[in-house]
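Quick heads-up: structures coming right below.
In the two complexes that follow, chain A is the common piece, with chain B as its partner first and chain C second.
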Partner chain A sequence: MECVFGLVGNGFAIVAADTSAVHSILLHKNNEDKIMVLDSHKLVAASGEPGDRVQFTEYVQKNVSLYKFRNGIPLTTAAAANFTRGELATALRKNPYSVNILMAGYDNESGASLYYIDYIATLHKVDKGAFGYGSYFSLSTMDRHYRSDMTVEEAIELVDQCILEIRSRLVVAPPNFVIKIVDKDGARDYAWRQTVQDVTTAAV
Partner chain B sequence: MPMIGFGSNSEMLDGFSSVPSFDLPRTTDFDGFQKEAVQMVKPAKGTTTLAFIFKGGVMVAADSRASMGGYISSQSVKKIIEINPYMLGTMAGGAADCQFWHRNLGIKCRLHELANKRRISVSGASKLLANMLYSYRGMGLSVGTMIAGWDETGPGLYYVDNEGGRLKGDRFSVGSGSPYAYGVLDSGYKFDMSVEEASELARRSIYHATFRDGASGGVASVYHVGPKGWTKLSGDDVGELHYHYYPVAPATAEHEMVEAAE
Partner chain C sequence: MSIFEYNGSAVVAMVGKNCFAIASDRRLGVQLQTIATDFKRISKIHDRVFIGLSGLATDVQTLYQRLVFRHKLYQLREERDMKPETFASLVSAILYEKRFGPYLCQPVIAGLGDDDKPFICTMDSIGAKELAKDFVVSGTASESLYGACEAMYKPDMEAEELFETISQALLSSVDRDCLSGWGGHVYVVTPTEVKERILKGRMD
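For the complex of A and B:
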């Protein structure tokens, strides 16, 4: 039910995720931020079991910080993605984490990149990727309209088209989405797309 | 020649992933199937607890029924646990698990105070609990709890469960009666409520949940957490609340029975 998708454009990468925290038929929360800022120029959009999602992404985040403190330079996106996949692979045959991850980052040498890491430790560098039931709708939409030299505005239009498709075709479509972007200026929030607003709307 | 159509199996489609669909019931006992389906989606923890943040702090409320299947084992269980004078925890799931881990959390909070010479935040306390529960993931603990408190940043409310999930929010309800409680809580909620209005909303939500959910009942307790700590506001029997909210009008007798004049 959790929808996560992302794509790489001209010098930037965008990821979008739904923001609902669901337990069986109950929606506990509709403004849960599932895209973690890993460091200044990396984003991790994660979907999966609630405990695993937070615990595993925080574990990766702290280890990435540790590398930076120990060595004085931050990890590249490729290195961080490979580290994440390695941790998932090591845990897989003992105590597996049920988390699917899209890692987006910007490096000065290699530009923007997006990595698809699934719960059984598959790793692929991709131009566009998606997880969850929403992927059935967003992947084909992205395949049809994606170009590698898209501007931010064109990419956001495509993301909004995917969100619209998910909202209109998925039976239990999540009402709200968050979109984050990473480029040479860093990783940051881009926008929230909300159809259902809580009384106190601050994101938590 | 194999025919390709909706729902039919053919060798050509083997190996391709099919469009996701819901399993259709293949059964002659549809009533039994429906009953099972309702039981499957209903939250398993037989209780109703709720908590919400409003202008005046945090309101926490719970019922007091303990059930073992269809048998009501107690109508007077304390489901709101006092972790320390400014933090409360609610109990849903296994009573022993909740009581033990809340007591354990209280110990850890006190140790934090002694080590750091300041009170632990609600965020920190809930993270301690979530990490403990995460390390026992898959081992059969049953805990669905909310940590409510007041710290330096103001009122705080976190939902923590046995899967290791931890959610920060303004309104939560946990237990088998929670969907019913949400219905009343969501429709009546405003941030700018007074303490009286908020406690009445909490009490009413618990009452309505106990009315519809068989696993909830007993006494509706309401607690308030303010800047100086928590206070218990009320504890009303839900049976009495029913007649308070929906009093029975005395029926006017049309014909009075008179003794036959003999």
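For the complex of A and C:
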């Protein structure tokens, strides 16, 4: 089951997502990147139906870029989150998207922020958030250890604790996770946490 | 579980002597899981009219945006603020427009009319208005709220006593409802000022 979670620290926000692409009982691939880099200082970690997830996040990404080209300045994280919520809300009673989103971003004026956007377009700014079965473990772990002024190292320790909790207590725990960070220097990959790697065979 | 009980909410409004109070809980949940403990359910339309929306959080946010938009248009055209009775009729009309695919919210509207006379009303999700002279309630904790308000309310209370009464009624009612709580948000509005206070109750 898809696990996505994230938290805000001192001048940065971190999101982590599992990397399994699952179809019924079959694991198609275990290195599917579910955290999209929306623009230079925004990350979107999405979970839900695979088709909707990719389509919707790409749609948001293209519209955010369009705004930047038209107006010469990028959207703030709050504006991008509200745009995303608006699209989900409009589609909700016509052709709903089954995508849950955690949007993390950094703005020079307001610092790092994290937005929880549900598949039925509930928007809320949070310090820590999570989706999926993994949320039952990661949210409680974060509730216990989280502080608003954490450093990157402390936050990664907490993320690893959450991943360990998910791996040890969730019956269908995903083997691999990707962690991405966004701060004043931009949005980028931080690390992968892999227990199962793709097997490559020698060329015949 | 009913869709009205998906996020959990409690909203109450009471009439005092030339003043009114409107209060809500602060929990945002997804069924049994608590997502946030600082969700805003009460919004200011203008200095003398407030609306508290209970029910599905996504519709709370969508409806609030639509109502603020309509009120801003009204202000531009009429060059004045809406009276609370007028605003209540507007909300009722907007809700009935979606009669066969409604917004899943129950609003509580409170305002100071002409001559500083307090006005409160509530309506169901399709806009059936219920005016009251004393108090109105809505949300998952509404039954407990009816009991608590009936017992604690007396007419013509001053602002401070009204604040105490509505706070006690709210906290004791949400303590009996697992889907609402995590503190309270109380606005006490007199002709001269608006006092916003956060309550700390049982945080569970």
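Rule of thumb we're sticking to: the second predicted complex is superposed on the first by the 199 of 204 C-alpha atoms of A that agree within 3 Å, B and C clash if a C-alpha of one lies under 4 Å from a C-alpha of the other, contacts with A are read in each partner's own complex, and residues count from 1 in each chain.
Basically, a residue touches a chain if its C-beta (ideal position, glycine included) is under 8 Å from a C-beta of that chain, and two chains touch if they have at least 3 such contacts.
If you're wondering where the values come from, they're calculated on a predicted model, not measured in any experiment.
Asks: Touch check for A:123: first (chain B), second (chain C), both, or neither?
Replies: Only chain C is touched by A:123; chain B is not.
Asks: I want to verify the contact counts: of chain B and chain C, which reaches more residues of chain A?
Replies: The partner with more contacted residues on chain A is B.
Asks: Between chain B (first) and chain C (second), which, if any, makes contact with A:136: first, second, both or neither?
Replies: both
Asks: Touching A:51 in the superposition: chain B (first), chain C (second), both, neither?
Replies: first
Asks: On the A-aligned overlay, A:89 touches which partner chain: chain B = first, chain C = second, or both, or neither?
Replies: second
Asks: Kindly list the residues of chain A that each of chain B and chain C touches, one partner per complex.
Replies: 136
Asks: Would you tell me which residues of chain C are touching chain A in their complex?
Replies: It comes out as residues 7, 28, 30, 33, 35-36, 39, 56-58, 61-62, 101.
Asks: Using the touch rule from the top, collect the residues of chain A that touch chain C in their complex.
Replies: 85, 89, 92-93, 116, 118, 120-124, 126, 129, 135-136, 139
Asks: Show which residues of chain A lie in contact with chain B when the two form their complex.
Replies: Contacts found on chain A: 21, 23-26, 28-29, 32, 49-52, 54-55, 133, 136, 198-200, 204.
Asks: Considering only the defined contacts, which chain B positions touch chain A in the complex?
Replies: 19-20, 41-43, 53, 130-131, 133-134, 137, 159, 161, 163-170, 172, 178-179, 182, 189-191
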